[in-house]
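Below is one structure, written out as C-alpha cells; the observations come after it.
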Amino acid sequence: MPETTTGALIYQILELLPFLKELPEFLHIPMLMFVTGLIPVTVISLVGLVGVYMERKVSAFMQIRLGPMEYGPWGTLQTLADGIKLMGKEDIIPREADKPLFILAPIAAFVGVFLLFIAIPFDRDIIVVDLNVGIFYLAAVASIEVVGIIMAGWASNNKWSLLGAMREAAQVVAYEIPVGICLVTVVIVSGSFSMVDIVEEQKGLFLNWFIFRNPVMWVVFIAFIIASLAELKRAPFDLPEAESELVSGFHTEYSGMRFSIFFIAEYGAMFVASALIAILFLGGYYTGIPFLDNIDGILGILIRVGALFGKAFAFLFLQMWIRWTLPRIRLDQMFYLCYKVLVPFGFVAMIITAFWQMVLPGDGFMSLGWAPGLGK
Amino acid sequence: MESSAIFAALKTKFGEAAIDLNEDGPEAFAMVPSELIPDVCQHLRDAPEFDCDLFSCLTGVDLKGLKGETDDGFEVIYNIESTGKAHCVSLRTRVAREKPEIPSVSSIWETADWHERESFDLLGIVFTGHPNLVRILCADDWIGYPLRKDYEFPTEYHGIVCEFEGNEDGTWGGHPG
Amino acid sequence: MPLKKNNGGPPRQDLENENPDPLTKENVIITSVDKALNWTRQASVWPLTFGLACCAIEMMATLAAKYDFDRFGSGVPRATPRQADLMIVAGTVSHKMAPRVKRLFDQMADPKYVIAMGGCVIKGGPYAKYGYHVLQGVDRVIPVDVYVPGCPPRPEALLEGLFKVKELCYNEKLSDRDRSKARPKVFGGFEWPTKTKKEGQSA
Amino acid sequence: MSPSRDVKGSKTKMADTANMNTNVHEPPDVRTEELLLNMGPQHPSTHGVLKVVAKTDGELVLECEPVVGYLHRCFEKCAESGSYVQAVPYTDRLDYLMAMGNNLGYCLAVEALMKVEIPEYADYIRVLVTELNRIGSHLIAVGTFGLDTGAITPFFYAFRDREMVLDILEEICGQRLNYNYIRPGGVAYDLPEGILDKISTFIDHMEKSLEEINNLLTYNGIFIHRTANVGVMTPEVAIKYGVTGPNLRSTGVKRDLRKLRPYSIYDRFEFNICTGTGEYGTIGDCWNRHIVRTQEIIESIKILRQVLNAMPTEGEHLAKATARKFRPPKGAAYTAVENSKGELGFYIASDGTDEPWRVKCRAPSFHNVSVLPALANGTMLADLVIILGSLDIVLGEIDR
C-alpha cells in the first residue's frame, strides 16, 4: 500500500498507461489531468443516470404506480433517452437575461460537484487525491455549487428564480454550521483530516465504525443526515425549487442541456453526500466484517468499492424515501431547525465526544472490553 | 323569524308606501326603491332582531322583452340570510335601462363587492359608491354587457375570429377533421 | 415501435426542396442518427403542468396511479414551459386566457408539441354557440399537433393522443427540425391586447 | 433639504436636488423595493387558472389580490339560451369535481319553480350519487392540498380512491366527470344492477383507506407545522366574505344546509356537522379546514350506509311532469344546496316558456377565494400557497 498522501490513483494510472510516459514531457501534466478528470465525470454521469432512474422507480413504487416501463427492460433506458433528448432541445437564453452569467451558472454548479469527487476514497488506493486536509477541502468546495445556483437565479431575470436563489443562499449558509460541527466531531474521533485515514481508523469489526464510537455519535450522525439534506436542497428542504411555490425555483428559465447539467450536478451531489455519510460514520469502503475486508487483489477491491457504493445507494434511497413522504417545511422553520436544534445538539455532542476521547482514547466501545480480541 | 314578520317590520320602519310586498310566487320578496337599498340593508344587518350577516347572492336580471313586463330596465335581487337566526330575506329593486345606477352595498357586506362587480361586468349595472367597479370575469377591454338581452356576440377579438362556425348543414358539433 | 406514417396530426409543409443545405438532405448517416435521436425524443415527452378546466382533472388522473403517464416516460410534469416538450391544452380557453396560452407556447423550447384535449379546446365544445368569451378552438392561437376529442376525454384517450405525438416525433426528419417553419398556419392572427393600465392592478 | 448641505454643491446640482422628491435622511444603499409577483394564471398551485397578484417584501406577502375570470365560460348565457333540461350539462361544468351536486342544486331550483313531486326512489338515488361525488371531491381537495405543502404521495393515494368513486359513477351514468345525470323531476336513468353491492364494498374500503391518508398526511408532524395556525379565519371574517361549506364549518360555525334547511330527503339520515376540532393549531386555520374535509368523508360514508339500508329496491326514477317538455309557471326562486365547497345557490327566473329567462349561480368558491387577501396579507409566500390550497377552490365555478 503506497503512502496515501499525494494521490495514489495518479501513480497507478501512470503504471497502467505506460504510453503516457512516452509523450513529450510538457504533455504529462495535462494528459494526467485529463485522464484523472475523466473518472469523476464518468462517475457523476453514471450516478446521475442511475440516480434519476432510481428516483423515478422509487417514487413510482411508493405511489402505487409502475414508473418507466416501456423503454428498455423495466424502463432502464428511460433516463438515457431523457438525457439525449435534453441535449437536442432548443437552447433558450431569455433576452433580458444576463447572458455570460446565465451560461456560466450550470458550469459553476457542475464544477462544484466535480471537485467534491476528487477527495472521495472508493478504496484505499482508488482516490484521485488523498489530501491531508480532505474534510476541510470538501467543506470548502461544497459551497461552490451554491454560487452557480445564485448566478442562475440572478442571471435568469425571473422573480421566481431570484427568490429560489436567495432561499438557496440562506439555506446553505445556515446549514454550513451544523455540517461543520459534525465534521469537526468526526475529526476529533479520527484524529486526522485525511479521508483515507478516517476510513482506515474504522477498519475492523463494524463496532469500530464511528457511529458506535461513543454514545453521542448517533446524534451527530442524524444531525449530519438532516443537514446534508438541507445542503442538497432535497425534500423536505427543497425550498429553492419548491414546485408548488416557486414554479421551478432557480432553474425556471433553463432549458435543454443547461437544465440537465443542473440535474446531473444535483444527483452527483446527492451521491457525494451519501458516500460521505458512509465514509464518516459507517466505515466507508469497509464492510465491517474483518475477513472480507482483508481480502487482497481485484476481488478485495470489488468488495470494498461495492461496499461503499452499497452504503451510498442505501442513503440515496433514504433521501428518496424522505422526499416522497414528507411535506416541505417553511423558510422560518428551516432556520429554526438549524439554529435552535441542530447547532446546539451538535455542539453538545461535539463537547461530549471531545471529553470521551480524552478519557477513553482508542477504539470506543471496543476499549471497554465488549468484544475483546476483535479489534483491528 | 318568518319572512312575513320581517317584511312587516320593514314596512313599519321604512313606511308603507316605500316597500311593496309580493308573497305569492315561489319566493316571497320585498320590492324596495333603489335609493332606499343601502338603508334597508344596513338596517337588516344591524338590527338585532334581523341580524342578517350573510349576503348570499346578488342577481341582476334584464327585463327587456320579458313577457307581461312593461318595464325594460333591470331588476336586482338581493338574497340575504342570518346565520344566527336562520332566516332569509329577499329584496328586489328596479332601475331604468337608460341610467342603471344603484347605490352599492359593498360597504355593508364584503361579499357584495365581487357580486356587484360581476353584475356590472355582465349587465352593465352601475353600483355607485363601489370602491373598485371594474370588470371581473370578462377581459378588461371587453366590449358590451353579455347578459343583456340585446347583446350582440362579438365577431372578432384582438384578431381572433369569434363567429360561431357550425357545420355546413347547420348542425352543431362533430369531429374537427 | 410506431413506424407507420402519422395521420393524426395536421399536414405539415415539406421543407426538403426549400432547404439548400446538403448536409441535412437525407442520407444513410443522417437517417440513422435521425432514428436514434427520434427514438430518444419520443421516449421522453415531458408535459407542461398546465390545466385549465375539467379536462385538467382528467389529465391529473392520467398522471396518477391508475393510468400512470410515467410508464411511457411522460411522468415528469414540468412546471416551467422551458423544460417541457408537450403542451396539453386541457380545458376551455377563454379570450382572457388566450394570450397566456400563446405566450406559454412561445416560451417552450423546440421541438415542442401541442395536444388539444377536449371539445372546448378543439372547437369551443358546448360553449361554441353562446359562449361569447370562449375561444373557438385553441388552433386559432397556437398550432395544434394532435386533437383528442371528448368532454372530457377519458385518460385512455389522452394516452392515445400521447402515442400520436410519439409517432410524430418518430417520423420527423432532421431536415425539418425547425418546426416553427413546418407548423401548420394558424387561422387567426394574434396580438397582445393593448392595455391602458398594468394588468391585474385594479385602480 | 437643509441649506447647510447645499453649500458645497454647485448651482446646477442644487437645482437638481431641489427637484428630486427624495428623503435625504435615508441612506441610499439600504432602500429596499417591493416585489410584485404575478402568481398565475399558469402556476402549479393555483388550482386552475387563478391569478394572484402579490406584493411581497422578500418572502413576506404584504398584499395580495386574486384576479379571476380566466375561465369565464358564459354559463349563465348558455343556460338561458336553451331549455331547462339543456342547461343541466352546463351545470356539470361549474364545479367539475362535484358535478352531481351541481345537477342537484339546479334541478331543485327548477323543481321549486315547477312545484313538482319527486319519486321517492329518485330521491334516494340523488342522495346516493351526490354523497359519492362528495367523497370524490373531498379526496381531490385532500390530495391537492398535500401537493401544495410539497407532499406528493398522498395525492396518488387520494386519486386511487377517487378512481373507485368514478368507476361507480361511470357505471351509473356513463361519464367519469360531467355526469348530466340528475334531471328536473328525478334522475336520467335507473341504477344498473349490482351497483349497490359495489358501493357498499367501496365504502368499506374507503374507511380504511382514509386512515392511511390520515397517517400519511393529516397527522404528519411537518404537515401540522406547515398548516396549523396558518391563515386563521374567524367566524366573523368568514361570514363577512360569504364563506360557506367546510371553510366556514372549520371556524366552528355549525352551518350545513343539509341540516339547516333539509332539501331532498336529507332529513331522514343521521349525520354530524363536522366543525374544526382544534386538535392542532387554532380553530379556523388551514389544518382545521383540512380535517373538516376528511371527517366529512366519514359522514358521507355514514349517509351512504343509511341510504343503502333504507333504499327501495325499485320505483319510478323520473317524475311524469318533467319527462317531456315542460314549462314552469312565471316566477323566480333562489334555492341553495350544500355542495362540497359550500352553499351552491341557483336563482332561476322563469317567463312561463320552456326556456329559463335568467339563471344565476351563486358559486361557493367565488366567495371562498375572495377571502384570500384577508387571510394571506402579512403571511409568508409559502403560506399564501397553503392558504389558497386549504380554501379548496374550483375555477370552473368561480368564473362560470
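A, B, C and D are the chain letters, set down in written order, and residue numbers restart from 1 in every chain.
In this section, a contact is a pair of C-beta atoms (placed from the backbone, for glycine too) under 8 Å apart; a residue touches a chain by one contact, two chains touch by 3 or more.
Please read these numbers as outputs of a predicted model, since none were measured by experiment.
Nearest to the overall CA centre, using the mean of each chain's CA atoms, is chain D. Among the remaining chains, the Cα-based centre furthest from that of chain B is the centre of A.
Taking each chain's centre as the average of its CA atoms, chain A and chain B sit 63 Å apart. Annotation: 41 Å between the Cα-based centres of chain B and chain C. Chain A and chain D have CA centres that are 44 Å apart. Look at where the CA atoms of chain B average out and do the same for chain D: the two points lie 23 Å apart. Annotation for chain C: residues touching 2 or more other chains are 64-65, 79, 94, 96, 129, 132-133, 202. In chain D, the positions touching at least two other chains are 43-44, 69, 72, 74, 77, 156-157, 160, 399. Contacts with at least two other chains are made by residues 63-65, 243, 247 of chain A. Taken in their complex, chain A has these residues touching chain D: 59, 62-65, 159, 163, 166-167, 235-236, 238-239, 242-245, 247, 324-333. In the complex of the two chains, the chain A residues touching chain C come out as 56, 60, 63-71, 75, 77-78, 80-82, 84-85, 88-92, 243, 247-248, 251-256, 259.
In the complex of the two chains, the chain D residues touching chain C come out as 38, 41-44, 48-49, 51, 53, 65, 67, 69-74, 77-78, 81, 89-90, 93, 96-97, 140, 155-157, 159-160, 162-163, 166, 176-178, 395-396, 399. Those residues of chain C lying in contact with chain B across their complex are 94-96, 98-99, 122-124, 128-129, 132-133, 135-137, 140-141, 147, 149, 187-195, 199, 202-203. Put simply, chain C touches chain A in their complex at residues 36-37, 39-41, 43-44, 64-65, 68, 70-73, 75-76, 78-80, 82-83, 85, 107, 109-111.
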